[in-house]
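In what follows, structures are represented as structure tokens.
Look for chain A in each of the two complexes below; its partner is chain B in the first and chain C in the second.
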Partner chain A sequence: MSEGGKSGFRNKSKVQRNIFIVVMLAWPLLYFAVFGIYLQIQTVLFSFQRWNYVSGKQVWVGLDNYRQAMKELIGGSYWRTGMTNALLFIPVNYVLITLSILVAVILSRKFPFASFYRIVYFFPTILSIVVLTMVYQFSLHPTNGIVNGLLGFLGLEDWQRSWLGERQTAFPAVIVYCLWAGIGFYNVMFTGALQRIPIEYYEVGKLEGITFWKELFSVVLPAIWPTISTFIILGTSGAFLVYLQPLLLTNGGPNHSSTTAALEMFQAVLGAGNYGMAATFGIIFAVIGSLVTFLVKRAVDRVDTADY
Partner chain B sequence: MELVRRTYAVRRHSAWKWVLQLLFLGYALSLIYPFVWMFINSLKNNRAFYKSVWALPNTWEWSNYANAWQEAHIGQYFLNSVWMTAVGTFTTVMSAALPAYVMAKYKFRGSTFIYNLSIFSMLIPAIGTLGPWYLLMRNLGLFNEWGVMLGYTAGIGFNMIVLMSFFKGISWEYAEAAFIDGAGHFRVFFSVMLPLARPGLVAIATVTMIAIWNDYLNPYILIQDPKRYTIGVGLFYLVEKQKYASDFTTLFAAMWIALLPVLIVYAFMQEKLINGFTVGGIKG
Partner chain C sequence: MKKPFFSLIAIVLILGLILAGCGSKNDAGAASESGTPPAAKGTESSDSADQEPVTLKVAFFQGGYGDVWFKYLKEQFEASHKNVTVELEGSPKMGEIIVPRIEGNTNVPDVVFLNGLDQMKKWGPSGKLVDISDLYATAMPDGKTIQDTATETALHSQQWLGKRYSVPWSQSPLGIVYNVDIFEKNGWTYPTTWEEMEKLANEMKAKGIAPFTYPGIYAGYLSALVFPAYTQFGGDEFVNKLTNPQESDIPDLYKDPAFLKTYTQLESLFKNGWIMKGTQALDHTASQMEFLNGKAAMIFNGAWMENEMKDSIPEGFRMRIMPIPPTADAKVKEMMSVADSRDWGGIPSASKHIEVAKQFLLLASTEESNRKFTELTGAPRAFKYAIDGMNLSDFTKSAIEMLSKYKTVSYIYEPQAIGDGPSGVDFYAAIASGDMTPQQVIDKNVGAAPDKWKEQQKTINSK
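== the complex of A and B ==
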């Protein structure tokens, strides 16, 4: 074959290669362009508009939405409660991660019935959230729930209450639900990370006879730090997205005490059709959320990790 | 002295083990018990249920399950969910596999950009897009199951990143051998590389299958025709209805019907499923 023929072949194959790449990426990129980028731009545009409740007409209102949003956030409206509760979910997620690491580490150490626990703890990850929240509501039911039943059995009638129906306990009860239902997922993630630690890592410590806590902090945690830091970061930005749990458990109530930023957004869109304000708060929360997330990411990236 | 200290340490150690065992058992029971309770009560008639929610049923009302399936339309929702889950799992996995493969195995301009974009978009809590999304779907006439199915074709995201690391682990030599035999790029992808990535695909598919079966939000917003509800949406409306109708025993039966397929998949695929959540070793 002559030299020219060969390069002709190459050109043809290069075209085919490019066609292949374009075809493979076409749909994902189109989808991302519409549902990622276009919607994001729309959100920014929406935040400068207002919808007339009667005619449904859109009007440009400049920065009015932002002014009102600031007023509501400072003055203390439902949005402010939602914002505070969303921020509270950041430490809640960290507690969840800490608990899950402890559970994973303990279960990885020849703990009796470890595989039984691992299987059971995973249930909430695979079961429908509609069923799970329903079951949880029933457990906290004022008269028929097991929680009040147990309290009565222990002679603690004073502690019985309508857990999801009272202002002071509704939001804590939502948090407890998130911990109760969340450990299994993280537990499996950290179990996977623990299994990838080479055995040699433990050997030096074993010879020196170090304690459980020493080993945890000087061997185990550094080795799985990449996984931990990923979940710390995702848990931070995820705090701003929480709304299904309060929606299904309390619908944000009573009197919006257990609402979250994302739930208020959800209700502003689907309940009130208040697209302008929803978009404005969406932008504000996204900015705050990203700032917090990137600060946490920077702090987390500074920690030295063990390479393996 | 040394011996005394050591026995003390051992005893304290075993005391700790008991405490931990109790805590772990308590948590496990708190997860199992509600479902057992629900099952027991799903076999009572409503009178027995209201008389005592703790007692065992005196007559076993299996007809509650027939009622849930027929009259509460759970059977209909079940079948809707079956086909949507089957098709949705396939489209989700394939639309993630296509970009994952080219980005893992081909060098081209913009590939790092797409990768960074997908990571970046995971870090930004973009909740504000709900309104524009709602209006877009309404204007496109996608307030039905097709709108929901469209949502299962988003390729760029978490699944893509996991599958990328899978494709990276497959040697390119297999592809080269096929190229020499005269296969084209598509042929190599579909009949050589895709089968080789099977473990990763199965893992992702199992996780996706359960996620779609349980998916509640998009179907709840988009599906307006009660005949087309998925099981998650159907259950939600059934829960709402019971707040007034108070036919809880049928509701419990309906919930068990919804749980059963997931539990069966879990029983058979437990290892694969848990691997599915840990494949690729998620790192920062």
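== the complex of A and C ==
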């Protein structure tokens, strides 16, 4: 009897355990099923459909959207500019990472006001992007902006221009904005990584009498390489997601010259309600993006890291 | 022994939490249920007792017209419908945030007021909006019907495939807004022909005043010039072909000289340096601010501009809005402006208070509401109504005069039409930036038209 009771209890506890596991897993799994799997499948389906506004139905059009998309990418439409600009954001993100490491290394030295400057660099990160873009727009304003004002003050009137309104400068201005606004966040990440380097490494270096550059390349960079490689991969895949900055700064203009792949998709959905084409380009860019990211990851993984 | 014990506790805790969650929900429900009757009782005494309290959610695009008119409607509606509480939700981004809500049936409002007919045309046939064709013949609180009082443009615009899913909102004319002080100081008058306009622009340039500006990053504002120009150069026949083309019209329609003349006129603004320097970097607020600061004498803009900028207009600043003057070689030698009725109010099918929502739309369309709209926002509604005895600004008067005294144009495309740019080239932006010449834009459109037509036919005929 006592034995039966025991095993009964055990069975019961097993059931309860399973209930526990199911309950604990249900929410994250449901969340993943809806926002992870369902939306992806929906996007794939949308890319084979088009909106028939006479019948008010999504209709299947086979590969029409993909044919159209290829035509636009090859024929040189706004989508191609968007894709080129998205690809350009990959090196931009690498420059951003390089600058952030430099700033972090410099600010990690003990010199007066180092922590003040760290706050200065981090400050843009805590402000809303809308506020930041407005500040940036004001400073580049063609008639009242501080940039043109300074150039005039320095006697460089020839250099004054409508920075966000001219084809030659609009996209570079968006890039400069991304560097300016992005450096703070990366800087904090790299500062954290730098602080984890054991002090003995530096001391050995000092005893050997190595220079700043030697220390940077032989001690600091290998030690923080795991952090760097993570951000290189994130920076690569993130390049395909940039849209808010050009949307707020230039609305992709002039004549779509500062647009990005993600911004064109955004406008295809919200401006024209064209879910089919937006989904098609979404899938095409996702394929290109994963391919590029995969190649970059392979290259990054080849570099040896220092273990400590 | 330990593990089962812990999991038992965990399960109890979780169940407890779930039950607590339900419990508190029930409590909240009970509280709100028990909380409403006293509030409702107060109103019941003055109204019939059998009407249960209704909360009518009204979501609207809060753009140049602000939210004052909706606050007025809320007050009026709540006064005549004692059981109804109107909940307003306005946002400048309503056109974007409402899309997933309506299409995904979540948090759907009972009434929506949006700008842009595309969504009405999408949601109507797919059953997301209530067919309110009958509402047009229903008597409004003032005894009239929408059918009898709406403007012709509105009646034409606010229908899709023979049905009506929306009531008209504003009839917002686009034109050229000019700085009255700059004109008077220099002894200039607003020109009646485009040749005079050219002369005037050159004079302004010689004096160091920029003739024109517009919200450069939203090139669509240039339609203020382009749409009237299509009609002036092409005449009604051309416009009919453009909006209701037959297969035989493709692609010759896009070779019509009206296109070349219009685009050349548009290009001349930029080529001759009549557009204020730096315009292309400015959004609507920034460019309108430049105009208000006297940096440009004229701006391509709409009748909502005064209200949109009401906090920034300098003391004593005077402006008027005027139509586009015709050129000497125009087919229709009349000054005209674009006066679309492209914004609308409708009822999402997911609403639980469709009948109340219909009452709301009717109240919003009465003569009194129309007059109040004009008084509060300075913009005309897409209805015929008297404006006498109203305290209106000179700008608003000029906007209403533009609608009543001059010809207006509005382009409503039939389902098979492929628009004025079948190649997908954003031609305003391409011409404004100098990336393409008018002829290049036309060549692209002519080349792309047959494919676009086939594609359009396939789309609208697919099941």
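In this section, the second predicted complex is superposed on the first by the 286 of 308 C-alpha atoms of A that agree within 3 Å, B and C clash if a C-alpha of one lies under 4 Å from a C-alpha of the other, contacts with A are read in each partner's own complex, and residues count from 1 in each chain.
Quick note on the criterion: contacts are C-beta pairs under 8 Å (C-beta built on N, C-alpha and C of every residue); 3 or more make two chains touch, one makes a residue touch a chain.
All values derive from a computational prediction rather than experimental measurement.
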Touched partner set for A:89, first chain B, second chain C, both or neither: neither
Partner chain in contact with A:186 - chain B first, chain C second, else both or neither: neither
Partner chain in contact with A:270 - chain B first, chain C second, else both or neither: both
Which of chain B and chain C A:171 touches, first, second, both or neither: neither
First (chain B), second (chain C), both or neither touched by A:162: second
Touched partner set for A:250, first chain B, second chain C, both or neither: second
Partner chain in contact with A:17 - chain B first, chain C second, else both or neither: both
Partner chain(s) touched by A:241 [first = chain B, second = chain C, both, neither]: first
Chain A residues touched - chain C or chain B, whichever exceeds: B
Contact residues common to both interfaces of chain A (with chain B and with chain C): 16-17, 20, 23-24, 270
Parts of chain A lying in touch with chain B, wherever the complex brings them together: 16-18, 20-21, 23-25, 27-29, 31-32, 34-36, 39-40, 42-43, 46-47, 103, 106, 111-113, 116-131, 134-136, 138-139, 144, 146, 149, 180, 183, 185, 188-189, 191-193, 196, 226-227, 229-230, 233-234, 237-241, 244, 248, 261-262, 265-266, 268-270, 275, 278-283, 285-286, 289-290, 293-294, 297, 300-301
Chain C-touching residues of chain A, taken from the complex the two chains share: 9-10, 13, 16-17, 19-20, 23-24, 50-57, 59-61, 64, 68, 72, 77-78, 137, 140-143, 162-167, 170, 250-251, 253-257, 270, 272-273
Of all residues in chain B, those that touch chain A in their complex: 20-21, 24-25, 27-28, 30-35, 37-38, 53-54, 95, 98-99, 101-102, 106, 108, 114, 117, 121-136, 153-156, 160, 184-186, 189, 210, 213-214, 216-217, 221, 231-232, 235-236, 239, 255, 258-259, 262, 266, 270, 273-274, 277-278, 281-284
Of chain C, residues touching chain A in the complex: 3-4, 7-8, 10-11, 14, 95-96, 99, 118-119, 121-122, 124-127, 161, 216-219, 277-283, 286, 290, 295, 415, 424, 426, 429-430, 432-433, 435, 455, 458-460, 462-463
